[in-house]
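A short worksheet on the structure shown next.
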Amino acid sequence: MSDPLPLGGGVTPGAAKSVPAALWQAVRRDKWTLTCAIIIVLIVFMAVAADLLTAIEGQGLNPDIKNLGPTGLPAEGPSAEHWFGVEPLTGVDLFALVAYGARVSLLVGLAATALSVVLGVLIGASAGYLGGWWDRVVTWTADVILGFPYLIFMIALGAVAPVEFPRQLLMIVVLGLFGWPRVARIVRAQVLSLTKRNFVKAASAMGGGPWHVFTKQLLPNLWAPIIIVSSLTIPSMIGNEAALSFLGVGVLPPTPSWGRTISTAIDYFETDPLYLVFPGVTLFLITLAFNVVGDGIRDALDPKAEGRG
Amino acid sequence: MRVAGFIAGRFAGMLLVLLIVTFVTFLVFYILPSDPAQLACGRPCSPQSLELAREFMGFNSPWYQQFFDFVGGIFTGRTFGSGPSAIHCPAPCFGYDFQNNAEVLTEILDRVEVSFSVAIGAAIIWLITGVGLGVVSALKRGTTVDRVTMAVAMAGVSMPAYLAGMIGITIFAFALDVVPKTGYVPIGEDPVQWAWHLVLPWLVLAFLHAAIYARLTRGQMLETLGEDFIRTARAKGLTERKVIGRHALRNVLLPIVTVFGVDLGALLAGTVITERIFGLPGVGKLLVDGIAGLNLPILLGVTLFSALLVTFVNFLVDLLYGVLDPRARLT
Amino acid sequence: KPAGPQAGAEVKPGGTLYLLTDSPTQQYDPARSSSLVVTGLQFVHRRLTSWQVAPGKDTTIVPDLATDTGKPSDGGKTWTFTLKDNLKYNDGTPIKSADVKWGLERSFAAAFSGGLAYHKDLLSPGLAYKGPFEGGKELDTIETPDDKTIIFKLARPYGDWNWVASTPAFAPVPKGKGAEANYNEHPVASGPYFLEKFERGKEAVLARNTYWDKATDDTRKAYPDKVVWQLGQQTNVVSKRLIDDSGDDRNAFGTSFASPAQLAQIQGNASAKSRLVTSESGALAYLALNTERGKLTDPKVREAFQYAVNKAAFQVASAGNAQLAGDIATTLITPGLVGREQFDPYPTKPEGDPNKAKELLAAAGLPNGLDGLILVTRNENGGPEKAQSIQAGLAAAGIKVTIKTLDEDAFTAEVQTKPNPDYDLVLESWQPDIPSANANIQPLFQSTEIGGGGFNTSRYNKPEIDKLITEAQATVDPNEAGRKWAEIDKKILADSPVVPLIYTRNSYLHGSKVGNVIIGRFPAYADYRQFGIIP
Amino acid sequence: MTTLLDLHGVEVTFDSVPAVRSVSYSVAAGQVVAVVGESGSGKTVTAMSLLGLLPSNAQVTGRALLSGRDLYPMTPAELRAVRGGEVGMVFQEPMSALNPVFTVGEQLVEAILVHQKMSARDAKRRAIELLNLVGLPDPERRFRSYPHELSGGQLQRIVIAMAVANDPKLLIADEPTTALDVTVQAEILELLRDLGTRLGTAILLITHDMGVVADLADRVVVMYDGKVVEQGPVEEIFAAPKEKYTQQLLGSVISLSGTVTERALISDVVVREDHFAAADHPATESVPDVPGVEPLLRIENLSVVYGGRFRSMAVHAADRVSLHVEPGEVLGLVGESGSGKSTVAGAVTGLVKATGGQILVDGVDVARVRGRAAKALRRRIGVVFQDPLSSLNPRATVGDSVAEPIRLHKAVRGSEVDRRVAGLLESVQLNPSLRARYPHELSGGQRQRVCIARALALQPDLLVADEPTSALDVSVQAKVLDLFRDLQEEHRFACLFISHDLAVIEQLAGRVAVMHRGHVVEQGPTAAVLAGPIHPYTQRLLAAAPVADPAGQRRRREAWRQLV
């Protein structure tokens, strides 16, 4: 070629191209995101290493009424022996409750969120993109589920589910199946508007099938709502887990979970606030952390994000 | 023409959804190994008396028969028992609540005002604050304002409704004593008292729900602000407020309206926990009491009612898509 | 601390009493009510007999509409009651014996079933009688020779019929009335109040019945001018309001028992503490062992449970401390009932004796303990916590159990209805409907009460006991009957179908202006009849 | 003459990559200054910097004085007064510049109301007047249309109307006529000229069309590689360009050969050998088509009706159109803006649903084919959309977009993909290092070339190109046209080429079809049609085509005026 080429590229590639890369970029660029990522790691560590940590503390999940005062409240607050204090009425070590509770809550919260988001995105996107009878079937099914009194379904399930059935799995499936319509509706709405854009049309004109269009054209433009919805779904799934356990569908006592501990602790928020504060704050922290990291990922994925460093 | 066809199609779909919901509820109810007639049997409950109760309430026929009876009752009405003590439930009969001696439809309609008052008031508040906060934190991305908004929003979502309600009532109704503790005053009776009694439930619900609106608004807003038409709007000399509030916001509304539809549909059909805490006799409370009393007619009625609302609200939302984004119109 | 009237100011007639309840409705149809003599229904309806309740005293039977507590004849098969003079409904019409009969007949109609039904099988065996509405037949086992006399011809001798006559169905309903299903919303009142306003889920207002004559009624004080039920209130909020004690809430009484969390809070609040009323004793909390399942069929194995259970931990889990929870139970018959004997066949410490339990298991051929038992509990009223306290105690004795918490309905279905339920242990509690040991033993241990909604959750089936129960029921002399029941109590416990845990105390909280909040030995419920407002 | 706008050493860098280097030029009141130059040389960026519309990762230095006030340090409030009021701006890509959720009328009224105090009704009246002014047919109805319901040229006119709504002192027009056919373009140029004479509006005109420059400009600024390489009065620059690049630029200009004199009087369809033309004007029918020997693309009686929100608003965008393209042949499709060209192209690619007729590609019905066969068919068709910006995924880099068809059809794998992408980018005169960029980081011309590269990625048998070179400067355009010709010779690819530039059509297309209001009004061999146009619209079209010679263009303008 004879003539000089136009100005060189040179501009640093703006946006990360995959979610893990975006995560890495977000963590590197922003201290706030980094802090929150560390919080997530710490809490996950607490869940995984609950046995180890409680062994260090020297406590377990055994009730011991000797830890209690005359009214059934903890005799004393946090101490070297009981890091977070103990549970009213039973005297079970609160740190152990929070640490072991993290296992159930994180597993169920994350897996159920993942299930409902994956289902919701796939179903919602396909409904919005393919349209026609499939869209109608999806909308109807979603409406059925949204209008369905899942409470009595849970009660029925609690009555018929055998004790031996793996409870965590049951909860994940149930929560996932009841959770997808919301995600699907959001994704469908976005896709309805995206499919009318030329670049999506271009991809199908090139011969791209639905799957190609979904992964290459739609998905990258759906990350923002997906990330936001999933990071907000996690805490509600953890809360739902508590409700399910309450109805007998969830984990069986004495296995703790945050949701359950928090819902029992609410009644004590005036007399024994620490009982609520420890699990509550952990749940708050991890929710916040997931959202901050989610935002970081969203920003890192956005090529138009202004004023990047 | 097309609009009419579309609406007719959706309407048929709605009926189908309702039928399915009813059917599934019926099925689930029969999975429950319990016996609603037990409650009407008394103590001690002899087998004969149980059988009588069952027969009277129509629980002795097979479940599919009961399902048809129920659906039939909507069109033709039903009669339970015979003689002077027979109970008539005129069409449209959505079942008869034997525990409370009332037609289910009447019971629901009696409580609709409460649930709607709670839901709509709260929805307005959270929509405005949620979207408002979302816009602010999008514009102030990465600043303290953004982060504080985020933290408050997260406190809202990670808090169980029950806790938020109890804390709200403890602080505002007891410690500060600025709002009434419980109760409901019909709007027709005294609008000021009506609002006054509902302020706290509204705020609590709004606090719980606003987060997702704030977050979605923020995310979508950031996407939209990079579009070329925003530049055009600025080039016209529009104030930043108009650029954001008109040009950007309209393009952000699609997911917001979607979630709103889902949330509102569910809320109108009853906010169980809030209604209980604040002693509001709404549909949600009816449902919980129905569940506690294994009151199948109530369960079915409320289920149908809530499914109706959900489908209807979502239908409106689907219609709204076309208005919000003309490209996505009715196809 | 025995409950007693408020120290200081005295109650005076007048004022409005508020009753705060979580229940969405109040059943004011006597045929469909299971209300005890001392609680809500009595404001509106009188019955043939009533109970005399006082702190520190055993509860006795006293006349209400009747002049006496009934005259048995024919070995307890025939009972005759005579009505007092000057009895009137709130519309001014006189109350006749035929109205009592009509009320009872009404209770047989399928449309009005659901209330206490102790009379039904005795008046019409097999429930052959279907009520007065369809076909207009009368119940011929009840005779009303004149407007004052009513004679019951029972199918078999029944010594407790005078107690049965205090159940709600014995309230009069003007003959021919009450065919409509919603009679409960506008019942004709015989008591000191009538139902002035009724809004389901919201409130029920009771106003004075001017035709009620105090002179004919010894048990009702009827101090307040007005009684208002606030329906469908969340219990936690009710408790907050009562603790806060301001405005109308000073005139309020919370009808639900205070929960452990609330008790803990009340203990730290001097004002609230002074307004907490706790019963002397109450419902028997027990651990039922499914005597039809696996190793639990062996009474020797079951005996080990008597020692393994940690009743002290159970007390704390129930109410925070032993004092509020109630005394440790060693018998089946609860305190306050005629003939009750205090005994302890399995003496041990409150914490239990895991070692002794292990020995007993080993002796029964289970040196390695028991594994894989299912303990079912309700998910309300601290069920899971209590179950955990039991679970931990049993674990110490080498018995491993899995807790299954169930919603109320699912619980009833699993434990009471299913023919082949899937549980080994179940946490239960029982408060009799009438102050007779009969009502304490028969529903829980007669073999007819297994399944089908019955309360024999240990599925205890012993023909010998069944026979003894029928005999004791037929005994008319209260003292002799009492002795027989105490004997049955011992015999059953020797088989260990259940482990008695505690006699659960109930605690109520009321506003500072509500006086005369009294709880007798039986029932462990506050006696609403005596409530008054302190001006 | 007083200086209205004065640029001094303007520099713009994006994240430390320079895009504009030390640009200085000035515009006097009432003057038309044309900025020409290579695609990507910084014309748009410079113009956008004036109103502070660059993204925040752009750093601007230098001074830009508007009537003596520096625009760069202005507060937002001051800037707002300038934007849309004193300075109007026409954006390069009209199809993305309008908010999709508001009607064009609302957006126009809004522009008026920001700067003028008047009632909503007056504003609407004024808006409709403006729509008339920019030559939009049926303005009352267009007022209520949403942007996606309008053709590229119609949108461009809306954007122009918006820019002139407040009688600005300075109008910055960035490629204002790219989507317009020459007849409309002539009208728009007339409008701009009128603004200048009537109101003394100065115009900063960015364009690639040397004919337009010749027609309108007083002065010319030539930019290359971020710098101003030459500037001066239009006659001087055209007569004696000093810089090598300017010479090259003017050397690349292609002009229509023939001139129009003949005026046909006709009845019925006129047929001269292969050359057909409709008899009446406006036509009520499309002219017939004689399908060739073995046409690769055959369009038979294609009709497209856009439903509109109500039946009454239905638009017959294509009415029984019949066309064909043979292998190795380029069919030029020209016609009035909004005449249905893009609609025909959309139907061929299967994105617009035909209401009637059928489209056969190599004998396969495009509307019916499904599954594997569809994928195979699509692999053989390359598409260039009229609006490059919206046809590129904003979340995909240039490299990914170009590689998409390659990956999709697994033409090559692994590192070979990268090499192919680099080759494609080079062949459309783009530096392969741009592949890491996102669409919004490119200039309009660069984006258009990315689209061409993507369309050519699989060496298609049929290329449907909708205005593929409208945003390219003539030198780059010449290269791209060369590329097309090479491909055509190499493996006989067929092309449906939509363009407004008759000179390009003349050079490239063997046959040409002319559309007017949904009908093909004339078609035949290019030489024949251009030399002897029969239908009145074709004649006007040819007459309106500007030439890149200021003096010559003045004469043509006069001639054209008389024709109208």
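Points to keep in mind about this one:
Order of writing sets the labels: A, B, C and D. Residues in every chain begin at 1.
Operating definition for what follows: a residue touches a chain if its C-beta (ideal position, glycine included) is under 8 Å from a C-beta of that chain, and two chains touch if they have at least 3 such contacts.
Quick caveat, the model's predicted, so the values are computed rather than measured.
Looking at A-D and A-B, the interface holding more C-beta pairs in contact is that of A-B. Once CA atoms are averaged chain by chain and compared with the all-protein CA average, the nearest chain turns out to be B. Inter-chain centre distance (subunit A to subunit D, centres taken as mean C-alpha positions): 48 Å.
Distance from the subunit A centre to the subunit B centre is 23 Å, each centre being the mean of its Cα atoms. A separation of 51 Å divides the Cα centre of subunit B from that of subunit D. Rounded to whole angstrom units, the spacing between the C-alpha centres of subunit B and subunit C is 38.
The residues of subunit B that reach two or more other chains are 32-34, 166, 170, 226, 291, 325, 327, listed in rising order. Within subunit D, residues 55, 148, 394, 440 each touch two or more of the remaining chains.
Chain contacts: subunit C has residues 236, 409-410, 413-414 touching two or more partner chains. Taken as a contact graph, the chains fit none of the simple arrangements: neither line, ring, star nor complete graph.
Those residues of subunit B whose C-beta lies close enough to touch subunit C in the complex are 32-35, 38-50, 52-53, 55-56, 80-87, 98-102, 107, 110-111, 166, 169-170, 174, 177, 181-182, 184, 276-279, 281, 285-286, 289, 291-292, 294. Listing the residues of subunit C that touch subunit A in their complex gives 236, 259-265, 267-268, 312-313, 316-317, 319-321, 374, 379, 382, 384-385, 387-389, 391-392, 402-407, 409-410, 413-414, 422.
Subunit A meets subunit B in the complex at residues 30, 32, 131, 136, 139-140, 142-144, 146-149, 151-153, 155-156, 159-160, 181-182, 185-186, 188-190, 192-193, 196, 224-225, 227-229, 231-232, 235-236, 239, 242, 259, 262-263, 266, 269-270, 276, 280, 283-284, 287-288, 291-292, 295, 298-299, 302, 304-306.
By the touch rule above, subunit A contacts subunit D in their complex via residues 1, 3-15, 17, 196-199, 201-209, 212, 216-217, 220-221, 301, 303-304, 306-308. Partner subunit B is touched in their complex by these residues of subunit C: 24-25, 32, 34, 109-118, 120-121, 126-127, 130-131, 133-135, 179-182, 184-185, 199-202, 230-234, 236-237, 240-241, 244, 246, 408-410, 412-414, 416-418, 433, 443, 449, 452-454.
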